[in-house]
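Letters A, B, C and D mark the chains in the order given here, with residues in each chain numbered from 1 onward.
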Amino acid sequence: MENLKKFRYLFFILGVLIIYLVDLISPRINPYYFQIIIFAGINIVLAVSLNVINGLCGQFSLGHAGFMAVGAYFSSFLTFYYHTSFPLALIAGGILAGLIGLGVGIPTLRLRGDYLAIATLGMGEIIRVILFNLDIVGGARGFPGIPKYTNFFWVYLVVLIVLVSSYNLLKSPQGRAILSIREDEIASEAMGVNTTQFKIFAFIFGAFWAGVAGGLWAHYLQFLHPSSFTFMKSVEVLVMIVLGGLGSISGVTISAVFLTILPELLRYVKVLFNTTVDPRMVIYSLLLILTMLLRPQGLLGGYRRKVREQ
Amino acid sequence: MKRVFLMLLVVSLIISGVTSVYGAETIKVGLITPLTGPIATFGQSVEKGVRMAVDEINAKGGVLGMKIELFVEDNQAKAEESANIARKFIEQNKVVAILGPVISSNTLAAAPIAQQSKVPLLSPTATNPRVTQVGNYIFRACFVDDFQGTVMARFARTGLGKRLNTAAILYEKTSDYSIGLAKYFKETFISLGGKIVAEESFSSGDQDFSAQLTKIKGKNPDVLYVPSYYDTAGLIIKQARELGINVPILGGDGFDSPQLAELAGKENLKNCYFSGHFFAGSKSPEVRTFVANYKKRYNAVPDMLAALGYDAVYMLADAIKRAGKVDRDAIRDALANTKNLKLVTGTITLDENRNPKKSAVIVGFDSNGNQVYKTTVNPPKK
Amino acid sequence: MITEIFQQIINGIALGSIYALIALGYTMVYGILRLINFAHGDIYMVGAYAGYFAIASFKWGILPSFIFAMLICAMLGMSIERFAYRPLRLRNAPRIAALTTAIGVSFLLENLGIIFWTPTPRAFPQIIPLKIYQGIYERFGIIVNNRQLVIISVSIALMLLLQFIVNKTKIGMAMRAVSFDRETAWMMGVNIDYVISFTFAIGSMLAAAGGVLVGIYFNRIDPLMGVMPGVKAFVAAVLGGIGIIPGAMVGGFILGIAEILVSAFIASSYRDAIAFAILIIILLVKPSGIFGTATREKV
Amino acid sequence: MSLLKLEGVTVAFGGLLAVSNFDLEVNDKELVGLIGPNGAGKTTVFNVITGFHIPIRGKITFTNINITGKSPSYIAKLGISRTFQNIRLFPNLTVLENVMISAQLHFNISYLHTFFRTPLFYKVEKSIEEKALRSLELVGLKGVKDETAKNLPYGDQRKLEIARAIATEPRLILLDEPAAGMNPRETDELMKMIKFLRDELDLTIILIEHDMRVVMNICERVVVLNYGEIIAEGTPNEIKTKPEVLEAYLGSTAVG
């Protein structure tokens, strides 16, 4: 273990190098599979970041789509109108999302779990209504013509960074403080943890990466529309972390990938049963209910930190 | 978990293997349409029209001696799903052309992929002008916003006996289609010397329009323009009449559904008009057989989305026939040269921007809520 | 101008009574279980469809149809509670799990609705003939119709009935006990499962009544009709003080009027934002709602 | 010298006075017992000292700093730590992690060090862990440091709470019914440990306890509370004989 620590930077550089090499051969990958790989990466970023808020800190945010929208729109606005360089635009989108997370977080994080959920849901809806009315980014007509900057390299670089930073956060004084809020907020306060401060940090951390994921998404699809960022989108990310096992970073990562591929596989279910009815959403919602009832620690997460049992 | 995953993978591989063997001598066409989600009702209409057309063509021996093999995928009205499906159709199913997606905001996400892969994409119903600007592989079967908005503004000024001077607009702020129609109606109405006295909006899914309508009523307009689909337009017409707004209410092709009369109430449709692609009661043989067959097959009167889906298939089939071979580029070229093609929704000629030029009909209603032909408006000759 | 303001307030009350109808059920379930029953809006949708089939297919009258819809929804509500929520409750699962399950149930109902009843909106049979009372109030230029009056009076009547059940009956007392302290209620011999089941039945019946009334009022039902009203009704319940029956009523009216006034006098395009803005403000200023008293968490 | 001073502290819940006009002065290294029947307001006193309740009247000073209405985490940093009547551990974390959370109170390390895993980060982590282990050793739980907290037996959970409380390096520690649910042997160990904390770690201790054996054996001074008011105060032996104390206890048992 001690030896590994010494090489921690080396491992990171190695990871970046591997991503770079895969990026070089990416034109040879079947474009359909490649696209799924890209979306899987973006979903990992979304899920791992929401996991910090919901899974590690125990707060219930339903506003992830809103943060994603802010990052997507702001970074696209910068690259489209000001030709800002892509990484810069991504970071700017993330920062704006983080700032909004801060603005929403300070007042609402005093609220208890389910109230917070509904308040963040409301915030997401307000962001969407504003986007519908913002003509500079197309309003309801959508925002086309966004340059295509997102590629394998950028997506998986962000995945690498978000995974490393989440792990580093988890096994640290700050991470333990965040976990202690999830476990018992009152005991946590009594032990000197400034719970408000750490909750806000978790919220900003989650919002920032959601914003970056939004930027990656926008510069891949080259088109944005406010209706992409409904409450449904937040729930999709929620399903990823619930299925992966709240709090388990590896579980959440696997389930993000799994749930990106699953809808594509389910397309064949329709062919198998020869129906015109699309059963995907029914399967999806059943999956959600059954997971909660039968395996509340998540389908894929097999690790120690699971759902809090009161 | 890993085992389940592997199993799914194997199953999917087998299925994709099976379909590719089976599909050796067919013309593969993919349809992207929302079958679930918030606008599933429109998506399902388009699907019905498309399936009927494909079955009809195949029953008559197909095109160039080959049957059309239709792949249908549900995009849930989501942008990323539309992109995924476009990729899947192109890479996995090796389709020669894509039909759909239904709404502009989805089409704009799928179109760049079709363009890059050089696969013709024909949207039956995406009205945003920017859709076909994506590139020369992107086509549409419906009007562009400006034509319908302009037509109805002219009709409001001159078509209703006396000149109407003031108009109010109530449009859906969250719909591309509605905003486009409202915009061109407004511009034309003003340029023709009229005045817009109120411009109100609502969001998708709203059911209560009393606030906006009360406000509009206070402005006493001569005419109310409601560019919206029948599911909301029906409610608006009903609520407007109940609030005592008795001026003519005008709309676009979104009005064209038998549901409109049910939702609005038959008596309330008096003095309502819309611009449409076809008149269901028309004597044209294409329309009559289409409506009759649709009724027989689905036990319902078709709406305009079904008609456009149906026509998009025939447009494509016509292009493939003229191309003489099942080749994406050849089909694109033939599609671009579509001329005087007589279909249900009118006689179609594509202009240089791959938008159809076809005439619109203006339809009114009798006291039983039945559609009544009013007039035909031809596209401007440039 | 005065006329318009009056008319708008009447519009707001009519809209608000719809929110209030749905909010009554919400507030009851939350008051007892502390669970945001996301599926409540979808139970309301099922109620509307049940009423539709009773009237349109079985050709029943208005009253039997109402009762039919309420019974169907009571059973639906009870089975949702039995199979989806109770196992979690017995295991003492965290709230996040219960809320996630509720979201799952909500999606399940919506998508089953799309599959079985198609997404195409249906016109609700016009079983109450429309009467517009223009004459009486014409001096003020205000228009009211009988359906608005029906929906307002029914929601008030149901609220009073609910108040009676909760405050004057034995089961109502048990409900209050469970809401106050589940453990103590259990120790005092209250059958918790039965009380919660009953609460779900009542809440779902209210939702069904709302669904049928709204079907008649707007004349349109579709499988996604419960999504937005559901969320807004929750806002109304929070606004009035969650768990407080008259509070849900008042919250509904305030929300309805606020929405109408915003779209009439500020900007109709921001109408949907207002409900959520109100929600966030209320949660910040007085999370216990207008009628609520501050509660503290046990240390 | 007085370490903690409560003057006229009054706490109300919706019009009901949970604690009224409460005065208490605790000197450095004192071991004070707080007793009284159920619902007398003992835990409320702890909650108001640690900042979980804000008094409507009165003043609380700790080491000459006014802490009235300050946040619990601020008060914890000043040096007041506590345990809870109904055990509040971090159930899904390990025993070691539970204690590390409080052991890290006086260490400051910025997020930059955390994210970049600098050498300083590892140094600080190591110090925190060592400190946590020392606390665990004191209560005899070092052997189970990798267990999940919720899997510990009841008595060990109580001990873990104490270990967690002392890891914040407090000057004053508030123990809320530490002997509840313990068997006589465990209680004996507990009393030894409490004495040890006071004598060897120089801690000041306030203790809520129903087990009179504990109170009488180790407390130097006992404060009796009923209906939110002090009804008696003195050494354990003085208290025993006061009729009002007896009445309060008997009265409460009669009601049940």
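Things worth noting here:
Convention: a contact is a pair of C-beta atoms (placed from the backbone, for glycine too) under 8 Å apart; a residue touches a chain by one contact, two chains touch by 3 or more.
These numbers were taken from a predicted model, which means no experiment stands behind them.
Summarising the inter-chain layout, the chain whose CA centre lies farthest from the centre of subunit D is B.
The chain occupying the central position, as judged from C-alpha centroids, is A.
Between the CA-based centres of subunit A and subunit B the separation comes to 35 Å, rounded to the whole angstrom. Separating the centre of subunit B from that of subunit D, both taken as means of CA atoms, is a distance of 71 Å. Remark: subunit A and subunit D have CA centroids separated by 40 Å (rounded to whole angstrom). Residue positions of subunit C touching 2 or more other chains: 111, 114, 269, 272, 299. Residues of subunit B in contact with two or more other chains: 36, 38, 173, 203.
Residue positions of subunit D touching 2 or more other chains: 52, 84. Across the interface of their complex, subunit B is touched by residues 3-4, 7-8, 11-12, 14-15, 18, 111, 114, 118-123, 126, 130, 132, 134, 143, 145, 214, 218-220, 222, 224-225, 227-228, 259-261, 263-264, 268-269, 271-272 of subunit C. The touching residues of subunit D, counted against subunit A in their complex, run 50-52, 71-73, 76-77, 81-82, 84, 88-93, 97, 100-102, 104-105, 107, 109, 111, 114-115, 117, 121-122, 124-125, 128, 148, 150, 164-165, 168.
On the side of subunit B, the complex with subunit C involves touching residues 36, 38, 40-41, 44, 173, 200-203, 205-208, 210-212, 214-215, 218, 231, 234-235, 238, 242-244, 259, 262-263, 265.
Residues of subunit A touching subunit D in their complex: 5, 8, 165, 168-169, 172-177, 179-180, 183-184, 186-195, 201, 304-306, 308-309.
Listing the residues of subunit C that touch subunit A in their complex gives 34-36, 84, 87-88, 91-101, 103-108, 110-112, 114-115, 231, 234-235, 238, 269-270, 272-273, 275-277, 279-280, 283-284, 287, 297, 299.
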